[in-house]
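Presented below are the structures under discussion, each in the form of structure tokens.
The following pair of complexes shares a single chain, subunit A, combined with subunit B in the former and subunit C in the latter.
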Partner chain A sequence: MSALLEVAQLRTHFLTRAGVVKAVEGVSFTLERGEILGLVGESGSGKSVTGFSLIGLVDPPGRIVSGSIRFDGQELVGLAPDRMRALRGKRIAMVFQDPAATLNPVLTIGAQMALAVQAHGGGSERAARDLAARTLTRVGIPDAAARLDAYPHEFSGGMRQRVAIATALLHGPELIIADEPTTALDVSIQAQILAEMKQLAKQSGTALIWISHDLATVSSLADRVLVMYAGRIVESGPVASVLRAPLHPYTRGLLDSLPAMARPGEKLNQIPGSTPSLLSLPPGCPFAPRCPRATDICRSDPPVVTQPGRMALCHHPLEMAAA
Partner chain B sequence: MLGYIIQRLLQAALVMLAMSALVFVGVYAIGNPIDVLISPDATQDIREAAIRHYGLDLPLWQQYLAFLGRLLRGDLGTSFVLNIPVTDLVFSRLPATLELALASVLIGAFIGIPLGVYAGYRPESPLSRGIMAFSVLGFSVPTFWIGLILILTFAVNLDWLPAGDRGPTVEVLGVGWSFLTWEGLQFLLLPALNLSLFKLAMMIRLSRAGTREVMLSDTVKFARAAGLSELTILRRHVLRLISIPLVTVFGLEFGSTLAFAVVTETIFSWPGVGKLIIDSITSLDRPVMVGYLVLVAFLFVTINLVVDLTYALLDPRLRRGGRAA
Partner chain C sequence: MSAILTAEHVTRRFSPRVTLGDRIAGLLGAKVDRRAVQAVTDVSLQVQQGETLGLVGESGCGKSTLGRMLAGILPPSEGAVRLSGASPMRGKHKTTTRIQTVFQDPNASLNPRIRIGDTIAEGPISHGLVTRANAPAMVAEWLSRVGLDPAFATRFPHQFSGGQRQRVAIARALAMQPEVLVCDEPVASLDVSIQAQILNLFLDLRQQLGLTCLFISHDLSVVRHVSDRVAVMYLGRIVEMGEAAKVYAAPRHPYTQGLLDSVPKLMLGGNEGLSFKPISGELPSPLSPPPGCAFNPRCPKATELCRRERPPLTAREDGTLVACHHA
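Right, the complex of A and B next:
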């Protein structure tokens, strides 16, 4: 069986007045059925735009300028809007960061979920509400049938995100794209939702792309991780080996800035500088200006360094030097 | 919810009291109606008898209290000029204005909101630009001019619709209504269209601004991600989210049209209350002025109350004392 998702040389650009913002610049990866993939990067690294590109919801003035997204063998780039819509919610679903903003405050959650059910093949209002109630129970909302008539503001933040997740799960999609779904939640709720998402995905064989700026969250959840910087995937590989021995200096920097990785009492290492403007990227490696290992050669495009199951985009990868 | 309504009713009563005092004092300051009422060559005796008869010799506060006392019994006094109870006078004219105002606000809403939502949904399309240009026109061209042009076009040149007057009415609940017959509707159409132009422009602008904002929200993105069609998103999500400012303006416009449709009523010789207030001002018919203004204040207070209650219906977060998590 072929991979569920094959993304090749995806480029999503925003044509703004100030110039072309290359938010996603040549991203390639594959995703197996049931696999959990972590997509990590700082704000503006292009991770969210990658997610929106996959589901065909890039806001203008952004658009996919080239590349290919094959979902279960079907090409999604250039697919007719109607056929793309038929996939959305049915086979590919998405969960967003802030459940307070995603749920419609003036509709009952039953009504909202019923709309999502009826978007794919109608059925009666009653059947739609039944399915909604069953799915809410699956994500751990007690007394779900009675809660259908409640409004989003009557739920806590964690419960609201569960409602959003249930909405994504309604049609049993093969792929869920989760765009920082725990960032807006309390830490204790974060851990709960994380564990539940993992369990739900494993149970139903749903593949999950978990977009996050937080390497720690991803490490507890994902099978494989992609690290994005300035619209490119700079490193990818199985979570354990990437965390243990990162190839790219940027990944190293991300790891060093995690409090969990530091020794108590020691100052946290942060990456100097900030993400470059995507409007004026330096030639060659975009991370070079912030990189401790940068040399003159970094002004030319970095080569792809591969190890079994792993890849990095760097002139001076860390493990290579050690080896 | 009940506590909220009671609280709002008390507020409304206070507003009414303040308003009646303001109106009474304001109209009192305008001038002495006695100079208008009796001929200048009347004898001093007749003059004083008239002043006593209308209670104009009493101090202002006594006049006001007497007025309030009558008001509570639903009596707005008797017209100085026509010698008819003000209540009868106003209520004989009010249905015509009510009908006209409601028709114009409904036209504004039912045409304006879809146009505005479309313009907000596709802001760059030529049709949207046309809609917006039209709304600028609706704001800036004076009502009386539009009225005259409408008459010139549809009544004089094309001879499709009558140029003015109210035409035949049908009695329902003891009141005459135009909208129940085809012929009556023809009389109603032009003045209603004339009055609705401004409201149309307003509804277009408001619903466009609301739609543009809501279309960028995560709610719409999430609905799209769930595979909802664009039409369903607009009808079920966007319309509900933009409805609160629309209801506000609908209410306010309805109230102000009821009270001040004067220009249109004059142009189309529509026998409504606008004409009545203008006549009473020129003849310093104090009871009619005061009675009318108090009634208008009452209408505004009522409409605002209804609007506030509608908010609670539209936005569950405003239902105080409702179910809570």
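Right, the complex of A and C next:
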């Protein structure tokens, strides 16, 4: 069976007045059916723009300048807007970071979920509301039929995110792209949503791309992880092996930056400097100015992929541990 | 050790302002919600000279309100805050420079139209800590201490990254030569790699200057990393307070246990199970807190007693304070 999603050499650029912002620069990966893929990076790494590119939601001045996104064999780059719209929400769905911004404040939950059902030819209003109520129950909203007549402001933040997830699940999509869906939530609510998402994805066989800055969240959810830096995937592999023995110095640095990895009160092993401007990247490896292992070749030549499978975009990858 | 900063039974209420329109609507028979939110209820604590007290809790638990009262920028509705025995405020106004605050969002706390050198110098000049002539040298010294190029003094906040702006905010607070520093979510809006840099800076400066700190955060691992003692808040009250090592290793209150269990851990050996265990239910509204223990609707150990009577915060044999009938 072929992969559900095959992304090859994707480049998404923003043509701004200040210059060309290369937000995504040559991203390639595949996603199998039912797989949970973590997409990790700091702000400006291109992880969200990658997600938006997949679902055809990159607005001008941004555009996909080259590359290929094949979803179940169908090329999505350059697909006509109406054909993209037929896929979006039906076979590929997205959950955004801030449910307060994605739900329409002047429509009841039932009304907006019914719109989402009927957008893809889903029968009568009555049937649409029934489906909405059943889906809300699946994501853990108690007394769902009665809550259909409530407005978003009557829900808590966690409940709103559940509504957004239920809306994504309405048509039983094959792929859900979740962009930092628990970042705005409190710890105890985040844990509830994470546990439910993992269970829902595994139950329904939906593939999930989980975009997050939080390594710990990704480590307990994903099968594989992609680490992004300055628009590129710098490391990828099975989540446990990447986090246990990272090959790329950036991944190592991210892990060492976590207070949980150090003894309380001791200095953290920090990465010096800050992320480079995407307008003027250094000529060689974009991480070279902050990298403890950088040599002259790193400053002059862009690195190439060294080890497929466990991939790292680095001239001097760390040793693979004996584990 | 002696207590430098104390809170004695402090309570803070926020009442909705009743406008003329509300009054007319009320006369016409409309229901106007005039319930006050009690953000902090009857909190007593002491911060010892030289220690860092961490304050953790989820949104709406009152940690920032308590922090602002301790920092002398918000008067308590009841109770008293004392800095070395004296109130840091007179009426609505702060009357001391000995306590300073670093806020979460440096975009909001730095004036975008003022050069950062002037921002840092403004307080010390107007309080006579430095003369106008000596101010540039002082600014340069603080900029280099927080890891910025002294030449940046003439730049505006928008010319800096988020992490650099937070360094400016720290320099501004420390240039006032405070004895106590209140940090309200100082790293919450920063990326992981920048967060580590700011935490390292904080650890360094705290040691060099012998600062006493109140460190407020929702991030349990950050609070564990920087704190000597920790106080856990839920719905306006402290539910557990003690040495950080003890509270994290053996939490007693079911909320502290639940909170620690609900944080996803780094799973380095595969993730067949889950690395965390959610607390069931939602945070109750502070407008109508449940009777008895505020945590009882979500608590696995709750009994009739918990629904009826609020447990007092009492000391246990190792000195940890816990507010629970069953812990």
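The definition used in the following text is that the second predicted complex is superposed on the first by the 309 of 323 C-alpha atoms of A that agree within 3 Å, B and C clash if a C-alpha of one lies under 4 Å from a C-alpha of the other, contacts with A are read in each partner's own complex, and residues count from 1 in each chain.
We take it that a contact is a pair of C-beta atoms (placed from the backbone, for glycine too) under 8 Å apart; a residue touches a chain by one contact, two chains touch by 3 or more.
The shown structure was predicted, so the numbers you read here are calculated from the model rather than taken from an experiment.
Asker: A:N104 contacts which: subunit B (first), subunit C (second), both, neither?
Answerer: In the superposition, A:N104 touches subunit B alone.
Asker: For A:L194, using the defined touch cut-off, is the partner it touches subunit B, subunit C, both, or neither? Pick first, second, both or neither.
Answerer: second
Asker: Thinking of the overlay built on chain A, is A:S156 touched by subunit B (first), by subunit C (second), by both, or by neither?
Answerer: both
Asker: On subunit A, which partner touches more residues: subunit B or subunit C?
Answerer: Here the partner covering more residues of subunit A is C.
Asker: A:G253 in the overlay: touching subunit B, subunit C, both, or neither? Say first, second, both or neither.
Answerer: second
Asker: Considering only the touch criterion stated at the top, classify A:I271 as touching first (subunit B), second (subunit C), both, or neither.
Answerer: It touches subunit C, and subunit B stays clear.
Asker: Between subunit B (first) and subunit C (second), which does A:A93 come into contact with in this model arrangement: first, second, both, or neither?
Answerer: Touch partner of A:A93: subunit B, not subunit C.
Asker: What part of subunit A is shared between its subunit B contacts and its subunit C contacts?
Answerer: Dual-contact residues (subunit A): 156.
Asker: Contact residues on subunit B for subunit A in the complex?
Answerer: Result: residues 216-219, 221-229, 232, 236-237, 240-241, 243, 314-317, 323-325 of subunit B touch subunit A.
Asker: Residue numbers of subunit A touching subunit C in their complex, please.
Answerer: 42-43, 156, 158-159, 186-192, 194-195, 198, 213-217, 219-222, 239-240, 243-244, 253-262, 264-265, 267-272, 274-275
Asker: Spell out the part of subunit A that touches subunit B in their complex, as residue ranges.
Answerer: 55, 57, 59, 85-90, 93-94, 96-98, 101-107, 111, 115-116, 119-120, 150-151, 153-156, 164, 167-168, 170
Asker: Flag every residue of subunit C that touches subunit A in the complex, lowest number first.
Answerer: Per the touch definition, subunit C meets subunit A at residues 58-59, 161, 163-164, 191-197, 199-200, 203-204, 218, 220-222, 224-227, 244-245, 258-259, 262-271, 274-280, 282-283.
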